[in-house]
Amino acid sequence: MTAQVGAVRAELGRHRPRFGEPAFRGLVVLASLTVLAIIAGLVVVIATTSMAGIAHNGIGFLWGTTWDPVHSVFGALPFIYGTLLTSITALILSMLIGVGVALFLVELAPSWLAGPLGFMIEMLAAIPSVVYGLWGIFVLAPWLRDYVEVPLHDTLGWLPFFSGYPIGIGNLAAVVVLTIMVLPTVAAVSRDVVSAVPGSQREAALALGATRWETIRMGVLPYARSGILGAGILGLARGVGETMAVTMVIGNSPTISLSFLAQGYTMASVIANEFTEATTNLYRSSLIEIGLLLLVVTLVINAAARLLVWRVAYTASSRSLAA
Amino acid sequence: MSSHVRARWGALALVAALGFGACSASATQAPAAGGGGAAPAGSAAGAQAVDYSSVSPSTTIGKNDKAAVTGAGSTAIYPWLSAVAQIYQQQVAPGVAVNYQAIGSGGGISQFTAKTVDFGASDIYLSDQQEQQIGVPVLNIPMIHWAAAMTYNLPNFSGEIRFSPATIAGIFLGKITKWNDPALAADNPGVTLPDIGITPVHRSDGSGTTMNFTSFLAGTDATWKSQVGAGLSVNWPVGPGGKGSAGVTALVKQTPGAIGYVELSYALQNNLPVGSVKNAAGNFVKPTLASTTDAVAAAVPNAPADLRFLVVNPPASYPNAYPIGASTWVLLYQDYPASKATEVKAMIDFLWWAIHNGQNYAAQVDYSAMAPALVTKAEAALKSVTVGGKPVLP
Amino acid sequence: MSGADGTLAGAARLPGAGIPPRVPGRNMARRRTTDRVMRALLGIAAVIAAVPLVLVLLYVLVQGLPALNLALLTQAPVPAGFPGGGVAPAVVGTLIMVGLGTLIGTPIAVLAGIYVREYAGGRGATLIRFLVDVLAGVPTIAIGLFAYGLVVVPMGSFSALAGAVALAVIIIPIVARITDEMLGLVPGSVREAAYALGIPPWKTIVRVVLPAASGGIVTGILLGVARIAGETAPLIFTALGNDRVSTALGEPMDALPLRIWVYASGPYDSWHAQAWAASLVLVFLVLAFSLLTRLALRRRGAART
């Protein structure tokens, strides 16, 4: 018996070089370390290439309002502002819609509808950013101008939010495009979070005679709250980092305006637009400094969101990867 | 619109004809003849076309070259450069592929400085400081002249709009916000201007067009000079930015009430109207080949040996000159490493062809050809390029 | 989930069944109305969410189809403003750079996924999963800056290689995560059976576990390919673009998303038509890949439960 086992071992051993296990182990560890190295490398490479800018611009870079490459005055505030304005507004809109969709899919929709609808919203994430930009320029912006901005301007033009001349291209178009692009992230993660709410929560509420909405409001939402918050933060990270579609419709103007009809600029889009054209090292370095800022902000937002979502529904993150 | 469309098609037919086995002799003749026939109605200067075949006896200088040449820069020169690069490959040197990325003059200078391209192209010559930054001797070689046109989008308005420099400055400073502003009305007596908002569109990228345009404004308007100044990219007070000449043209085309400054052919090719601009003599002049050529004529006699000069704000002694003329320079290193010998020979041969035969295509795409005096200077500059210390051209 | 309104069926079996059910009172009508309104609003949210997809696809199809022909895919661009020509350099460039990016990124991703699922302890796995998730959230434009500093600056020129490196960084977290999940679906008994035969862990993984999960991993890779094929931002200052068909990895190269960006931002009608047609090609590829892979994943009961 032991002899037989030994024979089998020996037989197997012939096919097994001793270094097989440590070598393979080393390989997979190396691959994992590569992921770590990439993240570290991202920060290091971008930080070192932005050193000239950091040295020249100082801390005032963060609140400088003037972006004047000719005179080497670089202030990032217009881009930070534009990024925050568009992504936070888009986040609010996509949270309203996205959480609604998630609740509809999980709590209300019959499965013949929930499947295809959920699928469609996932597909929304698959469409390349540049295609949204193309659609934004030629379809969305003119439509917004004629049917949204002009009426808004005519009726509410006295509000600072709707002042200026409506031309379609601008903050509003960027917000709408961003909302569409952030929506799948928020909806997918929220759906997973809502799905993860134990059935007993609902049953208990229903048992108390709650209506369906009351069940959602009192049984489901409180339970899913931190996960939905995580979904929102993930959506924010996506909105902040989104580049192409926004670049194509926001109007590329480094000005700070409250108006949704005005043109703006975001951190990602100024890099996309001006990087290959930067005439001096300092100019390029300052653009990379914006990239560094963007990177740090998204790393922090993402890390926070992942931690929040993980607590609720681990698998959720896989879906948002595709987003 | 139709005349320009016809011109385009005419030029295309020409390209096609040349591509399909035209011999080199007829090739040098055909462009002049075709150019005359297909020249846009608006550009009377077509008639002034110089017979460049006399300047350049050799048209097959690079026919055995085989290399990919990479260049980047000016978007203003792109319609002409991309056309002549294609014609050159079809007609003269099948083995030479010129990959020109129209990323803006700023980008051209930056990539040229970083030595990531074989040549740069810029609508503004390199400053002393920029040359210093590059660290090796460089050449600014003019290629072509053109006009920065004020193009606009006014639906249901067929008249022609005239602009004085102060009005343009006012619009781009955000002080003039309506098309029927008194300042515009004063420039356009007897014209009923529409009551819609003005959206001034500028370049979002570093641009020689911007440099020429802002130099023109800084030279004519004190407020502009003190508040904004002149540069490849400036701190724009108002309005959306478009990426490249194409981006500005696209924004103007899509935005009712918009106005922008672009190289003339971008406006004409897209059937956008162009305004006249008041020059030093007090005349409102439309950007045409003739008025651009006049502006160039004013500038060329004063062109220094290093070929760095501007063609904005010609003096009043040129009453018909368009005030916002511009040139595009190709930026070369004085000496290239020997390892690049093949590419550099192909590039210099192509540029030699471009400053001679290539000029024949200028009028068709609404550019002004170089004056013969300037061509001679450009020739000398091209001849001075070396590879590993040895001249490329005989 | 059964029943629309609060049914009391089964209440007795629930914890808390001791609480007497509330008798529908006078405000029941109001509660019912609120319920209907809120449910309608949730339904409307779902409709609103689905509308953009339909609109974008519709426009891409309607605008893109007329300009879609063989010349578009096989011819190089003509000089600006001239009619005709195509986006062949972009088609070739996208194939090359996406292929190369996948080749570089996938092995790293699969191996990292194996480490997380098969080797790492609880803490190590959590850390790497976390890093993978964080990497997935890095804006692609920042990844472009990274590739610029890493490849373009040392090489001294824009290149297809730099573009491929940027795309590889983007595909890694997608594939790593899916490998991790797919390996998790392989029953532990399979591994135990192999161990019982004395097969060492690494061989068990390579010969037994990995083949069992390979279908899922391959679909994951396709999903990643679909994703990076549509990326523009990381290519702007790495691959730069090229008007000519180029296959040289050390030279600038075109890509479909880059070409769409340039053409969409330009003024020429012919450019716009070609941008729509190129978008149609891109969207078709991306959606077909996503569709197939998601259906495949769903059949495996993977990410979806």
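Each chain carries a letter (A, B and C) given by its place in the written order, and its residues are counted from 1.
The working rule: a residue touches a chain if its C-beta (ideal position, glycine included) is under 8 Å from a C-beta of that chain, and two chains touch if they have at least 3 such contacts.
These numbers come from a predicted model, not from an experiment.
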### Query
What shortest step count links subunit B and subunit C in the network of chain contacts?
1
### Query
So which has more C-beta pairs touching, A-B or A-C?
A-C
### Message
Between subunit B and subunit C, what distance separates the C-alpha centroids? Give it in angstrom.
### Response
42
### Query
If you average the CA atoms of subunit A and of subunit C, how far apart do the two points sit, in angstrom?
13
### Query
How many angstrom between the C-alpha centroids of subunit B and subunit A?
41
### Query
In subunit A, what residues contact two or more other chains?
137-138, 276
#### Entry: Shared interface positions of subunit B, touching two or more other chains
72, 103, 242-243, 250
### Residue numbers of subunit C (touch at least two other chains)
240, 265
### Message
Residue numbers of subunit B touching subunit C in their complex, please.
### Response
8-9, 11-12, 15, 68, 70, 72, 78-79, 82-83, 85-86, 97, 99-103, 114-117, 242-244, 246-247, 249-250, 252-253, 265-266, 269-270, 272, 365
### Message
Show me the residue ranges of subunit A that touch subunit C in the complex, using the header's touch definition.
### Response
8-9, 12, 15-16, 20-21, 23-25, 27-32, 34-36, 38-39, 41-42, 45-46, 48-49, 96-101, 103-105, 107-109, 117, 119-124, 126-135, 137-139, 180, 183, 187, 199-200, 202-216, 234, 237-238, 240-244, 248, 268, 271-272, 275-276, 288, 291, 294-295, 298-299, 301-303, 305-306, 315, 317-322
### Task
Would you tell me which residues of subunit B are touching subunit A in their complex?
72, 103-104, 106-107, 109-111, 113, 130, 133, 177, 197-199, 204-207, 229-243, 250-251, 254-258
### Query
What residues of subunit C sit close enough to touch subunit A in their complex?
1, 3-8, 10-11, 14-17, 19, 21-22, 24, 31-32, 34-35, 38-39, 41-46, 48-50, 52-53, 55-56, 59-60, 63, 107-112, 114-116, 118-120, 128, 130-143, 145-146, 148-150, 153, 169, 172-174, 176-178, 181, 197-203, 205-206, 223, 226-227, 229-233, 236-237, 240, 257, 260-261, 264-265, 272, 275-276, 279, 282-283, 286-287, 290-291, 294, 303, 305
### Message
Looking at the complex, which residues from subunit C come into contact with subunit B?
### Response
78-84, 152, 156-158, 240-244, 246, 248, 251-252, 262, 265-268, 271
